[in-house]
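In what follows, subunit A forms one complex with subunit B and a second complex with subunit C.
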Partner chain A sequence: MTRILTIANTVWLEIIRKKDVYVLLILLGTLLLILVSLNIFGLGGATRYVKDLGLLMSWFFSWILAVNISSREIPTEESRGTVFPLLAKPITRAEFICGKWMGTWSVTCVATLLFYFIIIIVVHFKGGTFNLAALLQAFILHCFVLSIICALAIAFSTRMNNDAAASLTYAVTAVSLLVVPRVPEFMARETGFSANALMVIYNLLPHFEVFDMRIRLVHDMGPAAWSTVIMVACYGVLISFIFLLAAWLAYRNKRFSRSNLM
Partner chain B sequence: MYPVSMDPAIETKDVSVVFTTGKNDFTALDQLNLSIPCGQVFGFLGPNGAGKTTTMHVLLGFISATKGEARIFGTDVRRSIARRRIGYLPENPDTYRFLTGRELLTMAGRLFLIGRGQLSSRIDELLSLVGISEAANRKIATYSRGMMQRICLAQALINDPDLVILDEPTGGLDPIGRMDIRKIISDLRARGKTVFFSSHELSEVELVCDHLAILSRGRLVAHGPASKIVPAGENLEKYFMKVVGNP
Partner chain C sequence: MEQPVEREIPGIRSWLVLALAWEMAFSVSCLLTSTAGDIQSRDNRDSVTGVFLGESRLALSGHFYELAETYFHGGWEHSKQEAFQDSIFQEAASEISPRHHIHVEGAEVREIMPWLRLATIMNPSDVRIYLDSAFWLGYEAGRPDLAEQVLLEAQVNNPYNYQVQLERGRLFLKEKRIADAKQAFDAGLAFWPGKEKTDTFDTKDGKARLLLYRALLYEADQKRPEAISCLKEIMDLFPERTAVGERIRTLEEGKEPSLLASRALGDMLKNDADTKNEDQCKHRGEQ
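== the complex of A and B ==
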């Protein structure tokens, strides 16, 4: 565990010192400022509107952060050659992958926590409130989504360069976020091969919609049953584990040299 | 520390590495057999592309041999435990430039599970050994190439390794830096460590090595004690050119 934490700590130092998180915080702050000012033009429904758009943006920004950071970690180590002195030490490739995942996941979770704080503050100043239990559940489930995205990006990056891994992760996660929830609707209209193809997509891709509690928060519907939250969290752990296992299987016997990615 | 072992520090048996690039196979190593006893300073020579770095990558588990087997102190190189007693400095090393020199060594030490107290004194000792104590708290991004080489050498020695693998350790160093590296290698030999290093600087190899091996096109073409490998009346450079031919 010490080795995994050491690698994760290095990911943290890299991200802080390269100022990746600050850029996204500035963007979120700017956009929330726009949200506040939009009210001036009478677009009303103020707090509900701010909650909806703020949470949407926190999902969007944390998604970008998770994909960009996770997909670049391993390819950058290889192209710069820093992976060689690292793997010459007594760490296994599984520990290396877990360390990278833990580092990127924890960074994106903390960044998301900051996004949530900004939303809470803006909503508070506009006279609104959140149900705290529901907010906690939403954040926990949001973190599991990020866990899956980071694991997927790392799995792709074990065999691809940074850009290819990021592009593929964006494509898969965008389909999971936007298309998968509507697949049952499409399937009702299709038969034969199309219906089977849709069924495969539905079962193969992660179901991010089950982690999404934004509607409950926006419409003050209160917290979900904790048993349901725990079940969804277990699903998140399972999918993350499957992607990390895939990453390890792809990486464990990889015969790489610096010239592979240059 | 570790139990005394009669196993050679490095042992390879018929190690071959074949890279498949499209339709063509490229043999980087062809049935390499080496047995390097503990305590030797072993120079590994060869022209560019001879397979020196590939050999090191096999020994470090970065590349699996297509055929044959390689062992470090009797342990299969594919097991991570084999790397507990190794220190490695790659050719043209690069490292985490966003860290300070001290942070890099701390990270390296933690990967070897060295305790905090012991690690702190070891880091001070190494920074002094490689001559960058004053720059220890500066980010590596501000280091010169020579300083980068030195901090990377320090991280290779963090675990007080029994086997040190150095790939072109003096590349990019000025004459003083080269002399310092030679001194460090001599110190390691005096402490009974095994040093396996590649270099293009034949004169340097002659100065520090007990044994030499010359590799050409993936094959071992000469191997023996440094004092005996070169026939009388020839120098190492002439002999090297003769055995390597025109690669």
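== the complex of A and C ==
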């Protein structure tokens, strides 16, 4: 575990040096301030749209952050050659994968927490409030989505370069976010091969919609049942584990050659 | 032996290149300005959104309008028709994001206004969005002053639209501003049909409503010939409306109609508001 935490720590140090998180934080703050300054027919007191768009942006930015950070970690280590001294130490490849995943996941979770803080401040400034229990549940489930995304990006990056891994992760997660939840709707209009293809996508890809509590938060519906939240969290753990297992299987016997060093 | 490198002093050639580059930049700038001018002259009502978003702003406007509808239903998307509803993921998702079908009312209506505002910014020529905004502001949110401003903006962006005048007239009537209401209804009749086709039910019904409001206001002012003239125009549009025919006969006989004009106006306003409210609650596929 210590070795995993050490690798995660190096991920943290590298990401702090690069400035992706700060840029996204500034962007989120700016966009929310522009949103707040919108004149709504001279009517005040509306806050749900700020919550809605703020949470949407936090999902979007955390998605970008998770994919970009996770997909570049292993390919960068390989292309720099820093992976050789690292793997020469008594670190197993499973620990290496887990350390990278833990580092990228924890960074994106902390960044998401900061996004949530900015949204809370802006909503409070507009006179709105959040149900704290529901907000906590939403954040926990959001973190599990990020865990899946990070694990998937790392799995792809074990056998691909940075750009290819990022592109594939974006494609798969975009389908999971945008298409999979609407498959039952599309199925109402499709028949034959396209209907079968949709069902394959529906059953094969992760279902991110079960982690999305934005509607509950925006429309002040209060917290969900903790039993449901725990069940969904278990689903998140299972999917993350499957992707990490795939990453380890792809990486455990990988041979490195000097031609990889560019 | 190495020859010393002669450093080139910026001479006339460099200045010529600089002047040429400057001239090119100036030409491009002039070209862009004239293009922007063309865009503005084609549709000067949405200069910023039009230039930046192009025709995609219409799709965005439609999306924001749908979002307003979703907010009105408390986050419930009534347009969803699903092939199956019993998968484990759907059950989990419905517990995480419940689908309670409600209709927001009172002060909560203000929550739908940002989406309507964004929809009008994206597409200022869609009168329907302005009319809905004015209705919710004037009736549910209790801000007729803001509703009037919205309708003024609608008028500026859609000059000579009879629907805007009809809504203004209703709003003034509700506020007991009778003279303003008369002016608005007269303007509406003058602008009818505008860009609408005259043979559709909605367009004809719009004129009939303008005429009925105007006839009742004439009646209230004891101007019976003008009132009869308006009612006859309604009969030309909708001969099957027998109640209007009966009212014409009563007025022509010099009797007082059983439903006095002031009472009829109040009933009509309430009826129109209820119809509008029901239209908002009418869901796709429902009659």
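Quick note on the criterion: the second predicted complex is superposed on the first by the 252 of 262 C-alpha atoms of A that agree within 3 Å, B and C clash if a C-alpha of one lies under 4 Å from a C-alpha of the other, contacts with A are read in each partner's own complex, and residues count from 1 in each chain.
To be clear about the criterion, contacts are C-beta pairs under 8 Å (C-beta built on N, C-alpha and C of every residue); 3 or more make two chains touch, one makes a residue touch a chain.
Owing to the predicted nature of the structure, the values given are computational and were not obtained by experimental measurement.
Chemist: Based on the superposed arrangement around subunit A, label subunit B with subunit C as either clash or fit.
Modeler: fit
Chemist: Looking at A:Ala133, would you say it contacts subunit B, subunit C, both, or neither? Reply first, second, both or neither.
Modeler: In the superposition, A:Ala133 contacts neither subunit B nor subunit C.
Chemist: Is A:Leu141 contacted by the first partner subunit B, the second partner subunit C, both or neither?
Modeler: A:Leu141 contacts subunit C only, not subunit B.
Chemist: Tell me which partner A:Ala224 touches in the superposition: subunit B (first), subunit C (second), both or neither.
Modeler: Touch partner of A:Ala224: subunit C, not subunit B.
Chemist: Hey, is it subunit B or subunit C that touches more of subunit A?
Modeler: When the residues of subunit A touched by each partner are counted, C comes out ahead.
Chemist: Between the C-alpha centres of subunit B and subunit C, what angle is opened at the C-alpha centre of subunit A, expressed to the nearest 10°?
Modeler: Computed from the C-alpha centres, it is 150 degrees.
Chemist: With the two complexes superposed on chain A, say which partner A:Pro85 touches: subunit B (first), subunit C (second), both, or neither.
Modeler: The first partner, subunit B, only.
Chemist: Check the residue A:Thr10 against both partner chains and state whether it touches subunit B (first), subunit C (second), both, or neither.
Modeler: In the superposition, A:Thr10 contacts subunit B only.
Chemist: I'd like to know which partner A:Val237 touches here: subunit B for first, subunit C for second, both or neither.
Modeler: Neither partner.
Chemist: A:Arg255 contacts which: subunit B (first), subunit C (second), both, neither?
Modeler: After superposition on chain A, A:Arg255 lies in contact with subunit B alone.
Chemist: Taking the superposed arrangement, what is the smallest distance in Å from a C-alpha atom of subunit B to one of subunit C?
Modeler: 30
Chemist: Contact residues on subunit A for subunit C in the complex?
Modeler: My answer: residues 38-43, 45-49, 141, 181, 184-185, 187-188, 202, 207, 209-216, 218-219, 221, 224-225, 228-229, 231-232, 235.
Chemist: Which part of subunit A faces subunit B closely enough to touch in the complex?
Modeler: 2-3, 6, 9-10, 13-14, 17-18, 80-82, 84-92, 253, 255-257
Chemist: In their shared complex, at which residues does subunit B touch subunit A?
Modeler: Residues 19, 53, 57, 60-64, 80-81, 83-84, 86-90, 92-96, 98-99, 103, 107-108, 110-113, 139, 152, 155-156, 159, 165.
Chemist: Would you mind writing out the residues of subunit C in touch with subunit A in their complex?
Modeler: Residues of subunit C touching subunit A: 71, 74-75, 80-85, 87, 89-90, 92-93, 95-98, 100, 107, 110-111, 113-115, 117-118, 133, 137, 141, 143, 146, 149-150.
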